[in-house]
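Letters A, B, C and D name the chains as they come in the text, with residue numbers starting at 1 for each one.
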Amino acid sequence: MAKLYFKFGAMGCSKTAQALITKFNYEERNMKVLLLKPAIDTRDGATVVKSRIGLMQDAIAVDAGEDLFRLYAEKYADCDVIIVDECQFLTPEQVDELADIVIQKDVPVLCFGLSTDFTTHLFPGSKRLFEIAESISEIKSVCTCGAKATVNARLDDDGRIVTEGSQVCLGGNDRYVAMCRKCWLKYRSQGLPVTDRT
Amino acid sequence: MAKLYFKFGAMGCSKTAQALITKFNYEERNMKVLLLKPAIDTRDGATVVKSRIGLMQDAIAVDAGEDLFRLYAEKYADCDVIIVDECQFLTPEQVDELADIVIQKDVPVLCFGLSTDFTTHLFPGSKRLFEIAESISEIKSVCTCGAKATVNARLDDDGRIVTEGSQVCLGGNDRYVAMCRKCWLKYRSQGLPVTDRT
Amino acid sequence: MAKLYFKFGAMGCSKTAQALITKFNYEERNMKVLLLKPAIDTRDGATVVKSRIGLMQDAIAVDAGEDLFRLYAEKYADCDVIIVDECQFLTPEQVDELADIVIQKDVPVLCFGLSTDFTTHLFPGSKRLFEIAESISEIKSVCTCGAKATVNARLDDDGRIVTEGSQVCLGGNDRYVAMCRKCWLKYRSQGLPVTDRT
Amino acid sequence: MAKLYFKFGAMGCSKTAQALITKFNYEERNMKVLLLKPAIDTRDGATVVKSRIGLMQDAIAVDAGEDLFRLYAEKYADCDVIIVDECQFLTPEQVDELADIVIQKDVPVLCFGLSTDFTTHLFPGSKRLFEIAESISEIKSVCTCGAKATVNARLDDDGRIVTEGSQVCLGGNDRYVAMCRKCWLKYRSQGLPVTDRT
């Protein structure tokens, strides 16, 4: 039986590279892959999924209101597997629609994305994935201190940690860096820039 | 460095047995364990943690308003490790307090509990654990169909699946059974009793 | 499709307790479990599987020459799942026979055991399980230093680490203690007793 | 404390891509990486590590007789982490040397490679890694039937499964394809070509 997979990780853990490698692996086995990304994320062009290491693939951009079950059933029913990048931006309804595809069509759906925002709270899509995914696994990455990175820190122009603002802020001047909770608490309480880390 | 662990699983996956075995293993190494349980869960007596397989241990029952960092620092600072059973009933603040113990005292904290309620939504304590735990792992169990059990179905007196009611309902006549999402959707839509499964 | 599982761990990690809890979980779902143990291990009586925490169950003891596929097919074909304790003592041929049961009968087989002996080399049964098991997972335990225990140290009467002798030595005066590789190397090179650790 | 990692997977599971992404991630954090590959594997040029998806990096080729502890200590002691591709071709002694680097230098060593050869037996390097690695994890890939691929089948010119020959045969006409054990047994017993699968 197919499963709904949630593969989560902090910023810079190579989630997108993992998504594209997974696509490559399926295609090597002559399986057809539907690659989706929420349209909210338009940093690399509406229909491109791009990894920092240099991998790149065209994807179908889906709006928040789009019914993914219908999309699959009506247009992409010949696909053997669905891969979603930046899945944290899916709506909970869309996660349910993906889960319906898994069960009713026996098609595996692999979702790659962040679990938490810069305030350490779950994104709506990630919350729903933790609730109903049949397989939950972490793509690990390290803090510069050597511990596991779990917090996605948002930094202002001076490299200081920001803890207020809107959950999604893709186009601004703020930057993100993944760090362990201990370092995040330390830099936050000291109000020092973390620029020497990135 | 110590970690905050979230070990989640569906009903009947032996979470409590795992918690008690973990306690036993630490004690065999001459390490002192603080065993906590939220006071909301009084099924087995306020201060007893009990597994269906027959294991049983005394625990400290903590109220929702109790500050766990303070509790540890003032009364149990000689403990080498903290184990929490039924951690889904912790408040988000208490999860943050446990995370502070991990970082400030370098004491590992292992939380065992459900992730979702009978409507497939996260408990507040589980949500916070998914957000900040350094280690997230699933204690797996099977549906009678052979697939992995991920949904905690609440059944009424006739064995039919209930999807409305309060999140916490420990003392009522309702029973719970873990099943895979596919079976859960099937029984729910058909309105048939699942009594022959349990 | 059913799988062959290898769940390995160091001494004292509660492998046997895990095996018995898994049996309990299956039986709660009305599934019939065949519990096997290699006859070589007769510490607790030829047909008893016993965990240090106090759990105990009757098992079928199998000799090294016994054909497990035949045993299952001829005597226990009504069992839904097979659980093996102390699987490191299986012969490679028996592991292959278990793998045949998985594929030909679609019956899951869960093997619990050590991976390595006191000289840090694989047992024959464990070697074969690493080679062909569809699922490999570790049951973790800690060294008293806090790191993960991976070495099964054999101690002599004085508590000093032994590195020569026969691989299987169940009835002697030697004792075993699991520790991390770093501690093991340290105690071994210093020739000091590790008695204060156990 | 640093760890020795063994990340194993079947042919075509993207082990090398994972190795190169891991290198990239460490370097993004300004950590210096030593990338090693056994010299036996000269398919892509003695000093290049190359992934099918298109990633490529220079590596240090190490002969079977080379002492890796010495190599690190004398020439690359400024490196923060060591990554090994095709680690199945390491000698057991070299794996021990890597383990010594981990413990004595507190440097993490990540080994990516196959576990088993085309006859389903462990490579010497992989055997030693299963014995002493502190972290063992599988890079999963699928058989065309949908099950997990665990066997590295060697095919002759006609696409038929070969089960005899030398363990290492990199330059010949034989090809490899990863498949699940069930499909492997089926094709092997039927003597049919698996060409339509690749």
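In this section, contacts are C-beta pairs under 8 Å (C-beta built on N, C-alpha and C of every residue); 3 or more make two chains touch, one makes a residue touch a chain.
These numbers were taken from a predicted model, which means no experiment stands behind them.
Visitor: Taking each chain's centre as the mean of its C-alpha atoms, give the chain farthest from chain B.
Guide: D
Visitor: Could you please state the distance in Å, as a whole number, between where the Cα atoms of chain B are centred and where those of chain D are centred?
Guide: 39
Visitor: Distance-wise, how many Å sit between the C-alpha centres of chain A and chain D, to the nearest whole number?
Guide: Here the centre of chain D sits 28 Å away from the centre of chain A.
Visitor: Residues touching two or more other chains, restricted to chain B: which are they?
Guide: none
Visitor: Connecting every touching chain pair, does the picture come out as line, ring, star, complete or other?
Guide: Shape = ring; chains linked end to end, path closes on itself.
Visitor: Along chain C, where are the residues that touch chain B in the complex?
Guide: So the residues of chain C in touch with chain B come to 12-14, 17-18, 20-21, 24-26, 28-31, 52-55, 141-144, 197.
Visitor: Within their complex, state which residues of chain A touch chain B.
Guide: 1, 99, 103, 115-116, 120-122, 127, 130-134, 136, 138, 147-148, 150, 180-182, 185
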